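The following block contains the structure, expressed as structure tokens.
By letter and in written order, the chains are A, B, C, D and E; residue numbering begins at 1 in each of them.
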Amino acid sequence: MIKVRVFRQGEELTTVPVADLSEVRKQPDLLIWVDVVDASAAELVQMGEEFDLHPLALASCARSGQRPRAEHYPGYVLYVGYTPEHASPDNPLRLHEVDLVAGDNYLLSFHGGTPIDSETVAARVRAHPELAAHGGGFLLYVALDELVDTYFPALDTIGERVEQLEEAVFAGSQVQADIFRLRKDLVAMRRMAGPMRDAMIMLLRRDLGLFSEEGRRYLQDIYDHLIRVVENVEDYQDLTAGALEANLTVLSNRLSDVAKNLGAYAAIFAVVTMVAGIYGMNFDHMPELHWRYGYAWSLGLMVAFAGGLWWYFKRKGWL
Amino acid sequence: MIKVRVFRQGEELTTVPVADLSEVRKQPDLLIWVDVVDASAAELVQMGEEFDLHPLALASCARSGQRPRAEHYPGYVLYVGYTPEHASPDNPLRLHEVDLVAGDNYLLSFHGGTPIDSETVAARVRAHPELAAHGGGFLLYVALDELVDTYFPALDTIGERVEQLEEAVFAGSQVQADIFRLRKDLVAMRRMAGPMRDAMIMLLRRDLGLFSEEGRRYLQDIYDHLIRVVENVEDYQDLTAGALEANLTVLSNRLSDVAKNLGAYAAIFAVVTMVAGIYGMNFDHMPELHWRYGYAWSLGLMVAFAGGLWWYFKRKGWL
Amino acid sequence: MIKVRVFRQGEELTTVPVADLSEVRKQPDLLIWVDVVDASAAELVQMGEEFDLHPLALASCARSGQRPRAEHYPGYVLYVGYTPEHASPDNPLRLHEVDLVAGDNYLLSFHGGTPIDSETVAARVRAHPELAAHGGGFLLYVALDELVDTYFPALDTIGERVEQLEEAVFAGSQVQADIFRLRKDLVAMRRMAGPMRDAMIMLLRRDLGLFSEEGRRYLQDIYDHLIRVVENVEDYQDLTAGALEANLTVLSNRLSDVAKNLGAYAAIFAVVTMVAGIYGMNFDHMPELHWRYGYAWSLGLMVAFAGGLWWYFKRKGWL
Amino acid sequence: MIKVRVFRQGEELTTVPVADLSEVRKQPDLLIWVDVVDASAAELVQMGEEFDLHPLALASCARSGQRPRAEHYPGYVLYVGYTPEHASPDNPLRLHEVDLVAGDNYLLSFHGGTPIDSETVAARVRAHPELAAHGGGFLLYVALDELVDTYFPALDTIGERVEQLEEAVFAGSQVQADIFRLRKDLVAMRRMAGPMRDAMIMLLRRDLGLFSEEGRRYLQDIYDHLIRVVENVEDYQDLTAGALEANLTVLSNRLSDVAKNLGAYAAIFAVVTMVAGIYGMNFDHMPELHWRYGYAWSLGLMVAFAGGLWWYFKRKGWL
Amino acid sequence: MIKVRVFRQGEELTTVPVADLSEVRKQPDLLIWVDVVDASAAELVQMGEEFDLHPLALASCARSGQRPRAEHYPGYVLYVGYTPEHASPDNPLRLHEVDLVAGDNYLLSFHGGTPIDSETVAARVRAHPELAAHGGGFLLYVALDELVDTYFPALDTIGERVEQLEEAVFAGSQVQADIFRLRKDLVAMRRMAGPMRDAMIMLLRRDLGLFSEEGRRYLQDIYDHLIRVVENVEDYQDLTAGALEANLTVLSNRLSDVAKNLGAYAAIFAVVTMVAGIYGMNFDHMPELHWRYGYAWSLGLMVAFAGGLWWYFKRKGWL
């Protein structure tokens, strides 16, 4: 599905049918955003011809699972990025590819679904008519800014998971599977945000003449955000590794506690059984056996020994 | 075994005998691919003379176990690469060396077996007659592209192994030997893919005049694929390391569970033995011994204690 | 709240109301420090207009949670830093953002509370009238120096925590939660001090013309301090990791000791019960049973066995 | 002991006494290799004077325990390398220093013993008269090539040790001391091969004018070999680390198995003792006690319980 | 305490009082070494004025706890280094700061105590009159050489500690606290030697014009020594980490052995108690009870079972 939005000095024109795209592109002073959702093969070919895209650039937009990167082609740049979807700790993390092609007065975006809120983008374009002079670069900046901003709620969700994990670890719960899943998600996120950050450097390179000094300042801002995303992911990786180690130690402690606990009860039972064993011996001459309250005496002895041990272990912290 | 394939503007000529190679090479507008399988000593010498290869370059093609790398010799480049063979998790991973020598209008390939599907390569050459103008560089690109593409099915197999491993880890199976083997394979793959990626940079160097701007774009694409291969291998290494740590924790938990389980049963047996011991004492005055249902009472006591403990441990999660 | 302090050749003038700021700025030979605490939206706008700040620079000062960094804008530099607050091991570590903007003859500081002691800064400005010629750069130097100096007491507190931790580890206490918290604080501190250090390099860059040769020497001194802060944090990270590993080993030893201890007592109880069991057998012909002091003999046997084992295990170090 | 070998265009002249060295050096078209074994103080001084060596260069040749490195002095280069000796897994790894000094038409080598086979070197010089034109650089190349080739058999021995280790790990043997020794040897080897590799870069530097384009190609080959040596060592380090982790897990499993085994047998003994205890009670009314085959019944009960448990634990894999 | 030593062409002049320093400095052909031990505030000011030191340079000499580094000031360089003191494994490692200032014909050294043996330095200056022409740079070289040489005995002591540790680890001793202390010392040493090495690069920089080509060669030698120091420390860190891991495994093995041992003895006691329990049953018809030698038979049975188990466990290696 292709949607064409056209802006003239901050005002959005009425929707333009795809068929008129070639006409519209020739008019001056226009900013054109072509948003292609779940591109069909035919639409890809159509866009490739309309914007004269290099076969490799078009293949990048068509295929999914591309590595994030920026590529400079004569007349336009290609930026392959990803947006995370991770509404709550119970939802799995998903990463959606977004391919952006920015030329002198247009931005072409390919994605599956609505990872970037197009109304927000349009509103920002309308809000800054003075920046429209930067052309397709400005549209690219706005789209990238929205793209990168989708990382922060996802990071917050990850942060919640890390906190839940910490609590579970110190409560001694079994968290290995959770830790493992979290690490997997963090690796996946790191793998996307890292190259996206590095790709920004390519866009910022002075000699490409893509962006003005002023435009680069804004891109630099996005670059800083991506650095923060990567640093946050790395911090979460550190914390998760720390949680795993803490978990191992907690478990080791737990085992030690179980061993002490079991040992203490074993000793209490053993001492009672020992007393019973002694008075179960068959000697002819065992005075206690003939006492009036010998039985009570023996039971008292058992209780006394068991109680003494119980108190001893309690004090030692084994019970 | 030497097989010579000759292309003229995208059309493949009838097979050319090796003996005519010198003749053919002099004709203009031809692309020549000489595929040497399991080269004999004589064939190596023959090729070395025919293409005037440097002794060191020829030695690299003759010897196996070479490090992946690219070397620039006057008039041609040498690329030493590897292709993985890993059809399913049950098959071991094997890495086969492929040596490529690309000159102005020829590609010379040395390998043992069929790591590159020569029909596919030929089909691609026929499909792009317009690129044939790039000469041997184009042949090298196609061969490298096919070579690198063999990594993806191997990576999928590795991915399956990692998933099997994860399941086994959380099922508490003994997976150390599997993890160890997987790590070994990943190290081997990383060791090949990493230098292959780095060698691409050498081919991409502008000042060698090997490839046109357009040709470099295609090589860049292969380079990106190799980066992805290396990143995938590294991600699998991370996951495997994570699986190992999770395994240790699972085992530690398991040990704790076993200890609790054993302890609980020990306590149940101990309490029954204790009761039996008490009623085995030989006191003259033990009222229970003379009761009509004293025996039943004692058995009941045992069942009550044992049952109580069983219920207690069940609730505590130790059983 | 905005406070304006004005210095002329090392002497501080009487307080200047914010309204007169524009007037004051036009006078020559003045150094102006505008300290904005808990800036309101209106104050931000006012400062932005007064000093003609770039929207992105102003946004950095307005938002919190920024990454430490230095940015060069025409006519001024922006430095985003953090100051730690960590009075004692019982107080949590907090990091407060401080945004500094330095122009030719002014320093603009934004922060929430009093992370930099403004009297100290003013005293240093008054003490070095000869350096006042360096203008806003000198004010920036003094502010940065005070900012970086706040790290050392915080590091001392961290050092105390590490020492407490070490003692606790070798005393065998449960320290996982403490270690985890400490690691979190160290990661947070590293995350701030590292980029602050890197941002200094940007200020030191020769071609920005921000600081004279002499001024750079002083900045270099701050840079060295930040390197030391980062190194200290890294050393504490190493020590903490070492403490965690030592803790695991201590716990493992502890478990071993508990097992030995329990085993030794189990053996002592078992030998006594065994003797009692033997004399509880019902054979017709058991001479000891009919001895005059058979009972005493059996008790003596028990004590002898138990004592012997006790002595044996004591010597072996199991008790 | 000093041995002088002189070559003229690939032919070796009769041995030249050390005293004639100064004479010989003045003749054109000669390649001189002075091999100094276990140099005495006097011999060192003599060589230092004869070849006009810098005091620091001479000190490097005299002292042992030097770091591998290459140094450029006016008129000659100094290369400090090491050769490993590790004939079989039972022999310890030893590293012997070899110091090489190469000038325009000579190579001076200092070592203790026969780490480089001098006959092999001489044979290679005789075999390539055409390369003799490269002078001392050619001799240095041959010596370095022989030196680096000594690493491969040593690596094979290390490989054997790693394999023995793996088998031992999965057989559950105690391998910590072996792993520790292996790691130590790998660190030692890495510490020598790494700087040797880096030192090659210095020799390869274009602006030293040491080697022709062709000569550099050969040195590059040695450099590649050293990279492979270092990579092999690193791979073995990875495998060893993996073996250690696997060992820990195997041990953890083993402990778990022992615990299960012990627990199962404890349960079997406990159930038999329990039955015996029950029939050892002294109740007046215990019907079984008066049965004709009560004893057999009790023994049968014990066997049944014990057998049942045995079967149960067998099925559960605890026995 | 300030001591002034003056050399003229390798000969040391009679001691010069500090008051004459200004006079002496004006004379040509002199090398002046001013050694300041435990500098008082007054002495620092005096030296600062005499040699016209920059306030920051003087502050570095006054304060302790500085980071090792080299700084270039107009007319002189400042080198901040550390010397270790670690006479034997029982003495703690201490690091003492040494600040060196080298100008055209003087060396100024600040330290607390006698980390550099001044007689040795003086003897070396006297021994090389020809190098005296290099001025203060030569004095700096000699002082740095002595400084760096103090690391090697300290490293030997560390090596002894590592060896003691290894032995203790494989003897199964508790070594965590020792390992922890050793790691701390290694981190401290690494933290000093690393920046000292990096600071040498600054001194070696060609464009500072500090040292002649020949002088740089000698500094390069010190630089190589510092690289070796750092590498040695890193190797010891590796070995220590390996020892810690080995320790964990040894402990794990030990625990397993203890468990087996305890289990074996528990089984032996249990089997004896079981036999006693069986013959303690009160069945009317138990033939053995009425045998003449029934008691002996039962004791024999116990010994046989216990002996059998003992032999079984011995063979299995559990005892």
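Please note the rule applied: contacts are C-beta pairs under 8 Å (C-beta built on N, C-alpha and C of every residue); 3 or more make two chains touch, one makes a residue touch a chain.
Computed from a predicted model, the values in this text were never measured in an experiment.
Undergrad: Applying the touch definition from the top, give me the chains sitting in contact with each of chain B and chain E.
TA: Both chain B and chain E are touched by D, going by the contact rule given at the top.
Undergrad: Going only through chains that touch each other, what is the minimum step count from chain A to chain D?
TA: The fewest touching-chain steps linking chain A to chain D number 2.
Undergrad: What chains, if any, are shared contacts of chain B and chain C?
TA: A chain counts here if it touches both chain B and chain C, which gives A.
Undergrad: Would the interface of chain D with chain E count as same or different, where same needs over half of all numbers used to appear in both copies?
TA: Chain D vs chain E: different; shared/all numbers falls short of half.
Undergrad: Could you put a whole-Å number on the gap between the CA centroids of chain A and chain C?
TA: Computed value for the inter-centroid distance: 26 Å.
Undergrad: Please output the residue numbers of chain A that touch at least 2 other chains, ranges allowed.
TA: Expected reply: 248, 252, 255, 259, 262, 266, 270, 273, 277, 280-282, 286.
Undergrad: Looking at which chains touch which, would you call it a line, ring, star, complete or other?
TA: If you draw each chain as a dot and join those that touch, you get a single closed ring.
Undergrad: Would you mind giving the ring's chain order, read from chain C onward, with chain E coming straight after?
TA: Around the ring, beginning at chain C and stepping to chain E, we get C, E, D, B, A.
Undergrad: Would you tell me which residues of chain A are touching chain C in their complex?
TA: Result: residues 166, 170, 217-218, 220-221, 224, 227-228, 231, 235, 238-239, 242-243, 245-246, 248-250, 252-253, 255-256, 259-260, 262-263, 266-267, 270-271, 273-274, 277-278, 280-287 of chain A touch chain C.
Undergrad: State the interface residues of chain E toward chain C in the complex, per the touch definition above.
TA: Residues 54, 56, 67, 69, 71, 174, 176-177, 179-180, 183-184, 187, 191, 244, 247-248, 251-252, 254-255, 258-259, 261-262, 265-266, 269-270, 272-273, 276-277, 279-282, 286, 288-295, 298-299, 302 of chain E touch chain C in their complex.
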